[in-house]
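Next up: the structures, one after another.
In the two assemblies presented below, subunit A is common to both, partnered first by subunit B and then by subunit C.
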Partner chain A sequence: MNRAIRHIALLTAKDLRIEARGRQTIGLVTVLAILIVVVLALGLAPAPGASGLTATAILWVAYLFGGVLIFEKTMAVERYDEALAGLLLAPIDRGAIFAAKLIANLVLMFTLALVVTPVAVVLFQFDLSASPGGFVVVMMLSMIGYAAIGTLFAALTSSTRLAGGLLAMLVFPVTLTIILASTRVLYNLFEHQQPVGGSGLAILIAFDVIFLVASWLVFELVLEA
Partner chain B sequence: MNSTAINLIPRVYWTLTAFLFAAVGAMVIFWTPREATMGDVQKIFYVHLPLAIHTFLACFVVFVASVMYVLQRRLWWDDLAGAAAKVAVLFASLVLLTGMVWGRSAWGHWWTWSPRLTFSLILWLLYVVYLMIRPSIESPQKRAMISAVYGVIAFLDVPLVYLSTKLLPDIHPESISLAPPMKMTLLAWFVPMTLLAAGLLIARFRLNRRRSVLERGAEEDLEDDRTEDAAYAGPHLTPAGEIA
Partner chain C sequence: MTGQLRIQTDEAGGDAREVRQRVPGAPSPLRLAPQVEAAACSPAVRSLGVHKVIDDRPVLRDLTFDLAPGSYAALLGANGAGKTTLLRMLSTLTLPSRGRIEIFGRCTRKQGALIRAGIGLIGHQSMLYRDLSALENLLFFGRLHDIPEPGVRAMDLLEFVGLVDRANDPVKTFSRGMVQRVSIARALLHEPRLLLADEPFAGLDAPSVAAVERLLEQLNTEGMAVLLANHDVRQSLRLARTVLVLRRGRLVLDCPAGQLSAEDVLGEIDKR
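This part shows the complex of A and B:
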């Protein structure tokens, strides 16, 4: 167990170190996400004090596209100089590789959210004051499920020619569940002042658990292919 | 059985299916009573429900074939999954269309974001994407693997989609009480619909088999297409179009 945790920590640190030194992914992704928010802001010409529901819809668009780029980039690193072959030859459990990639992806996604959310709040004058904590919990749960699916499919598609477009095609329809569940939970939270909980939250947690386990199980087979 | 007899089977099968469709169609038009509030539009229901159930069955076949491909790595399973996905998308499209016609008459809108409609739309999207990604991946093994993993994930997603659409406000009928002739007609519709689904699945599957043999003719045997020992044992198409 300790060994596995050490491996995961080592691999995560490796991915984050590469990112910290190159800063290729996070800069690109953040600028893209801000661009998306600005495009939507110009297009929608929002009324001041837009509700939390509009906030989630707009932020989801930014997170979805940003996320796909993050998943693709963190996996593409392994394709240079046969790094993946080295990784697979190392006496490390494949599950640990998946966990490490997932954590690295999540760290980058949370970083993206930390920058983009305040930008959107300022541009749209979102009013999240009703329940900022609930907003953060729901969004974090949603991102975990999204990152699990994204990490799996990124490993699967990274060696094909059209990795980026293909990845978005694969991940978006599966993610519609999370978007639907999270927007409904936040709608009830901001429009009806219902506390976060109940079936919406249960679905988000179920999604996270099912796809974390499924991705972890399939990841090993995917890497061998 | 000689080849003429084998060639005859699909013809008999499709003639029978067409005949049964005509029969159950006649049942709907001449025999089942007119529903009191909805009128004739309610009769779409006899087509709608069997289509919906066969959509789920086709999705389930995609799932099973995908799991088997991941476990065994035989392209046979990928061809089956691809065929089932085609049937699933066709049937799901028909479910959406018949549902929209019904909804236009019942609720006055072609589309409302009610749970079942949203669910059907997401289900349709999930499997349309499955079909769209397949031709864009050139290597057959890679295509099979990506499709298989997606087929598994998409099917696992289906119950979650269903539960999450439950969070939306609903106007779709939950359960309907049917008069005996209506019940009979509904049950009768399942017979040709099952024949149609199975027939399309088999026809597609055979076509996919032939295509993958042609594509990978130099690498793969029909009988044993394990990807790791791909010694060519000589499958080819006879002039009659049979695989020998």
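This part shows the complex of A and C:
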């Protein structure tokens, strides 16, 4: 177990070091996500004090497209110069590669959310004061499931010419379930003042577990295909 | 091992030169793992009726051959003959559709992880992270291979390939020849018993070709089995002791290099 954790830490540190050196992914993704939020703000001309449901919907659009770019870019690092073959030749569990890639993707997605969410709050005058903690917990749980599926499909599509477009086409329908669950929990939280917890949270956690386990199991097959 | 061989190439266009340094008591960067001797009685490679089908197209057909430990074999064939596919199967990156491959007596289908610990692969691509430095790349892969003292090993190998003074420079700033030498260092990190080299001279200038040639010879002299996929028939006949020729996925020649002329080999490659 310690060996697996050490390998995951090594692989994650490598991904984050490469990102920190170039800041190519996070820079590009942040600009894209902010542009999405600004365009939506201009197009929708929101009324002051938009509801939590609207906030969630707007933010999910930015997170979804930003996420797809993150998944694509972090996997492209492995395909460039066939670095992935170097990893596959090492005596490590393929699951460690998945776990490390997932953690790196989540770090980048949380960083994206840290920048984009305040921008959206200002532009749309979102009122998240009813339960900012609940909002963070629900979004983080949703992102874990989204990132698990995104990491798997990025590995699947990264060797194809259509990589980015194909990834979005595959990931969006599959993650619709988790997005619907997330918006439903937040709707209840902000419109009906129902605290985060109970069946809503259980559904989100269940989706996370299903997506994580399924992606972990399939990842090895995808890498060796 | 009487000393360390350091290969240096003048990237500005000068000649390649060897520097033999005797370092008393220093371990050779080419040292082989102790299990080399233990497994010496098994062939380095045994291919038994191997077929590979990709996208419903047979790429390799009924390949049966052995390579002895410590051998130096050249794998020749036209583009699309199946050389790269065969090397990928030998390195366990992909499995045969039918048949069996053994590396030092271990089946690739069942003991992939154990086999990978004893194989070094130099591919078409460098298999390096271009944003990391040469040293960072070697440290990273060394740690994945659980090498004791990966820093020492990485510096030994960078010294060996003549890049110790560029250890901290990102790989993306290197010339093709320098990248290839780091790639060779990466393949040697875990002291493999079998080195699979897929077109290692592709895109290299003449001094770098000479440097890599000497590197492979030196590794083979140290006891490492080398299988070299190559396009240059004359160079292969000069370097290798055994020649394997693939034509449209079939092994059509398996012969000592000394018994063949370049024309013989070219005739086999081109035969319809």
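Rule of thumb we're sticking to: the second predicted complex is superposed on the first by the 225 of 225 C-alpha atoms of A that agree within 3 Å, B and C clash if a C-alpha of one lies under 4 Å from a C-alpha of the other, contacts with A are read in each partner's own complex, and residues count from 1 in each chain.
Going forward, a residue touches a chain if its C-beta (ideal position, glycine included) is under 8 Å from a C-beta of that chain, and two chains touch if they have at least 3 such contacts.
Treat the numbers as computed from the prediction; the structure is a model and nothing was measured.
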Touched partner set for A:L10, first subunit B, second subunit C, both or neither: second
Which superposed partner A:I149 touches (first subunit B, second subunit C, both, neither): first
Comparing the two partners subunit B and subunit C, which touches a greater set of residues in subunit A: B
Contacts of A:E82 with subunit B and subunit C, given as first, second, both or neither: second
Shared subunit A surface residues [contacts with subunit B and with subunit C]: none
Interfacial residue positions of subunit A with respect to subunit C in the complex: 3, 6-7, 10-11, 14, 17-18, 21-22, 77, 80-83, 85-92, 224
Of subunit B, residues touching subunit A in the complex: 70, 118, 122, 125-126, 129, 132-133, 136-139, 141-142, 145-146, 149-150, 152-154, 156-157, 160-161, 163-168
Contacting residues of subunit A [partner subunit B, same complex]: 149, 152-153, 156-157, 159-162, 166, 169-170, 172-174, 176-177, 180-181, 184-185, 199-200, 203, 206-207, 210-211, 214, 218, 221-222, 225
Complex contacts: residues of subunit C adjacent to subunit A: 91-94, 113-114, 116-117, 119, 121, 123-132, 136, 140-141, 143-146, 186
